[in-house]
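So, here's a batch of structures to check.
One chain, chain A, links the two complexes that follow: it is found with chain B in the first and with chain C in the second.
Up next is the complex of A and B:
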């Protein structure tokens, strides 16, 4: 009886795995095929990989786009984690009369869809352009700045700080550490898991961010990967082989970050047990 | 106690703060004025270099590059290649915020979307009617590119349609090339059923979410979902009734190969799953990519609706150039006028180098238009299209086409399931009036 149950479990899991992996598999196969074979739905790897790659790298600024995306994603992730965790930590650890009010306002801001603040934000950066062109429209800074302070991450870190042993803060104070020291020397190392999870989310969000970069980045030399892919598909007869190649290349960094962080996940777990 | 009260009201406070912030923003909008006072807000100082936005590296962008060879002044131009949808987003953000920094001098806009821009931001575009003669262009292009008596767009490529068909499959079903010349959509459906019966191949591949075929039927009869005065024209629209009847008859037959998206659609005829492709001329390169089918394809005039005055000509897609009302506008308009606006030789280059068919009428007299296309059995594809182009009935598609079509798509499903045509049209009319009036 148990055996039959097991067989069913494995069959079901195999089917589920296949269904979730298939699009990725098809993408990888398609990058080796000609456009016409992709539209025909060919499932066998072809011999067109080299042509697709050369075509992509010769005709489009893919390297620039990857570098731009990396700059944006890395800086955004670092700043988001820093600001979000500092704020979340502060909200939870320190006592202040108005902190719940401020926190509620912050949470409320999560309810506003980005589309609603897009135009005012664009106006704002138009103004910034006039005084500080380095942070204005058509700069990578304009993509990074509005996304580093998000209510979500403050909320996320505040929730997780609840699991952090307050006694450690007291112990740190007793041993003469300053508040900043406590944060960086005690809080950060013992919350690695939280940071790893947040980093994955922040990196993916930034890497896949489309609408705001689309509007604020106009020059091709500032375009990020999603913008480039959107351009690739815009032709009257799009080359699906090339598009698939670009998408596979664009997927690699997020996959890489995920696997790297997965390791840290485990390390972070062990660290918190020790702490 | 006090703390509790404070806590309870904190949400309210937050809301109040937000509302004040939003209000501050909108007030700001009013005082700042619209997009046309670009001078003091943006920094798009004209230094002799023009900025252009267009899509498709091998087509529109390439056309702009070739055009520079035909302009008699030395010109610096930067061309940004973005998808049409991306261009629309950027333009909307820029024009609605009044922040003209980074906005292009020249921008390509699809004809179907142009009116939305021209009506929403009337001062943002620069009228360029003086820089070329509108009579030189196919007349159907003028309505979508002009507004309030002024010409804003310089008509570029045509979306003139044709009936691409597989000669071999149709012959197998007993139809010669002559049988497909200047037919009606009713005849097309009859042929479709016959072809499916005799050869087993579907006549056409259709995506239920794309009503392009209805648009072609309507335009052949000079009709549209709206009247030129922007009234919703569904309920008592005889052309639409006939179009929907044809569509249902086709869908009810076995002759349709269903597809779900664009690549699927292209794949269907590349794979030989559909015997005909009634669509815009821009589909030719996608058909030609199936090299094994070389010589098997032909093109005939698009079918027409069985209504008096209907023509075997319709348009699907196509776009035009616009000049933004910012520094450099005169230069941009001169450039467009001298090249796209009047140069016949330039159009020959466009055809030979990128296969783009413009809407400049005199261009079809040139040699490049006489080229015979081996893939299509030696037919003079370009010349044929340019001739049909001049017959396209002029319609004003207004600004609500996409919205109305969205309603119609949903109602269409009810019609296909058996609801009466009258009810479907009445419902569509009612919903459209509620939404767009």
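Up next is the complex of A and C:
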């Protein structure tokens, strides 16, 4: 009986593993094949990898898209960490009744679905376009601004600040450090793991974001990677080999981060439940 | 005399402390100022704007106040009702299937005597690393009429003719459900696994000695222990599914007909595909907000009543 259960477990998990991994294998194999071979269901690596890559880099906006995605993701991540940790620290270290009320209101905003606010946001940036075109519709700044600060990160950093030794703040004050100095010189260096986890989530969210950039970016030269892939995928006669190459490129950064920093990665995902 | 002196100095330390407290309080506020401004400008203000918009109607930016007309229109709009029922269908089928699967995986992987545990765990979690658009495009191709899934099923003699998954109302929905389940099951599994690791192993030991079968252990120990985290993941998944957009947009574009159209996609279409009607789109978006609130409330209630 126990043996049968064992075998069942292994078979079940093996099937699940195969199903989970297969699309990855398929895209990596297809990246090396001609478009026709991909449709023919060829599952052996081919010799077309170099052609696919040159084709993608010469005929499509891939470089611009990678650069745009990197700009957006890096700036978003830095600002998210800065604003989120300042706020999380502020709410926890300088706790007061008034701040707790504000905190609860901010937390409520986590419930707001993006779909519910995208129209007003779009119109808001339409109005910004009229006065400050550099931050208006069809700019990377417009992609970045609304995603830079979410209640989730305030919550995340507050939860993690609870594990920070408060005595260090007092010690810093004794040493004559200002409050900002204490934050940057004592708090930030001692919370590296928390920052790493938050950076991973922020970067991934930004790198993969689709709906808001789709709405706010119009010209192809401003498109980010997900927009490019979506456009390629919707094409009438798609070149599968080329598209698979683009998808592998888009997946690479997040996959790398996952494999190199698995612990932080999982810690980041679980961050919202800790505490 | 000396007592009044004392009084004065006490008062002055008190007021000193008060000033210091106030100062600290002000510094505290400056720390959180940016977050408050950002969330107010990009979440709370648009939320209010969306409500005001939902009371207006018109094309583009020529909007007039029409009271609750938009809300009445919802009930007579077949496309909206279709989008609503599709979204509900995805929600009611996909979320439970995924959560049960994730639970089964996590219980299996929690067994320390299992070989290749780390490998299985990493593999099943891996889909959570992909971008939604990227995996959606892959699924679109895999499930195409001349795609890999059809080839495979025909070669295995399960099918004699290919199914046009993406053009069939029933199979298109199934494809979307399979895709989302593929992407998110491992993600949820990780939450359960880490919760299970905190469970005292001796509870299971005691249950085994008392003769409880593994199914009984699952229902009487594992589920109750995981309840808070199951609640959390089901709320997150529900909110996610209610906003389903990326996958549908890239796999079926809502088709065939409107058979896989979701509420989010309808809002997008109303604003950016058809002649823009921002007022009505905002009304539809309030439906999502309402559903999110209602479902979260129900899930809290259901979980609370059982305890």
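As a convention for this text, the second predicted complex is superposed on the first by the 232 of 275 C-alpha atoms of A that agree within 3 Å, B and C clash if a C-alpha of one lies under 4 Å from a C-alpha of the other, contacts with A are read in each partner's own complex, and residues count from 1 in each chain.
By our rule, a contact is a pair of C-beta atoms (placed from the backbone, for glycine too) under 8 Å apart; a residue touches a chain by one contact, two chains touch by 3 or more.
As the structure is a prediction and not an experimental result, all values here were calculated from the model.
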*Since both structures carry chain A, what do chain B and chain C do when superposed there: clash or fit?*
clash
*Which of the two partners, first being chain B and second being chain C, lies in contact with A:36: first, second, both, or neither?*
first
*Partner chain in contact with A:100 - chain B first, chain C second, else both or neither*: first
*asked:* Per the contact definition in the header, classify A:219: touching chain B only (first), chain C only (second), both, or neither.
replied: first
*asked:* Contact-wise, after the overlay, does A:234 reach chain B, chain C, both or neither (first, second, both, neither)?
replied: both
*For A:122, select first, second, both or neither according to whether it touches chain B, chain C, the two together, or no partner.*
both
_Touched partner set for A:19, first chain B, second chain C, both or neither_ = second
*Considering only the touch criterion stated at the top, classify A:260 as touching first (chain B), second (chain C), both, or neither.*
neither
*What is the contact status of A:138 with respect to chain B (first) and chain C (second): first, second, both, or neither?*
first
*Which partner does A:207 reach: the first (chain B), the second (chain C), both, or neither?*
second
*Which chain, chain B or chain C, is in touch with more residues of chain A?*
C
_Can you check which stretch of chain B gets into chain C in the overlay, out of 200-208, 236-244, 308-316 or 380-388?_
200-208
*Which chain A residues are contacted by chain C in one complex and by chain B in the other?*
38-39, 41, 105, 109, 112, 118-120, 122-123, 211, 215, 230, 233-234, 240
_Taking the touch rule as given, give the residues of chain C at its contact with chain A in the complex, in rising order._
24-25, 27-32, 34-36, 38-39, 42-47, 49-50, 53, 104-105, 108-109, 111, 114, 119-120, 122-142, 146-148, 151-152, 182, 186-187, 190-191, 194, 214, 229, 232, 239, 242-243, 245-246, 249-250, 253, 263-264, 267-268, 271-272, 278, 281-282, 285-286, 288-289, 292-293, 296
*Mind pulling up the chain B residues that touch chain A in the complex?*
3, 6-7, 10-11, 13-15, 17-18, 25, 28, 32, 41-43, 55-59, 80-86, 89-90, 93-94, 96-99, 101-102, 263-264, 266-267, 270-271, 282, 285-286, 289-291
*Any idea which chain A residues touch chain B in the complex?*
35-36, 38-41, 59, 97, 100-101, 104-105, 108-109, 112, 118-120, 122-123, 125-126, 129-130, 133, 136-138, 211, 214-215, 218-220, 227, 230-231, 233-237, 240
*asked:* Give the list of chain A residues in touch with chain C in this complex.
replied: 5, 9, 12-13, 16-17, 19-21, 23-24, 26-27, 38-39, 41, 83-84, 86-87, 89-91, 93-96, 99, 102, 105-106, 109, 111-124, 145-146, 148-151, 154, 179, 183, 207-208, 210-211, 215, 225-226, 229-230, 232-234, 240, 243, 247, 250-251, 254-255, 258, 262, 266, 269-270, 273
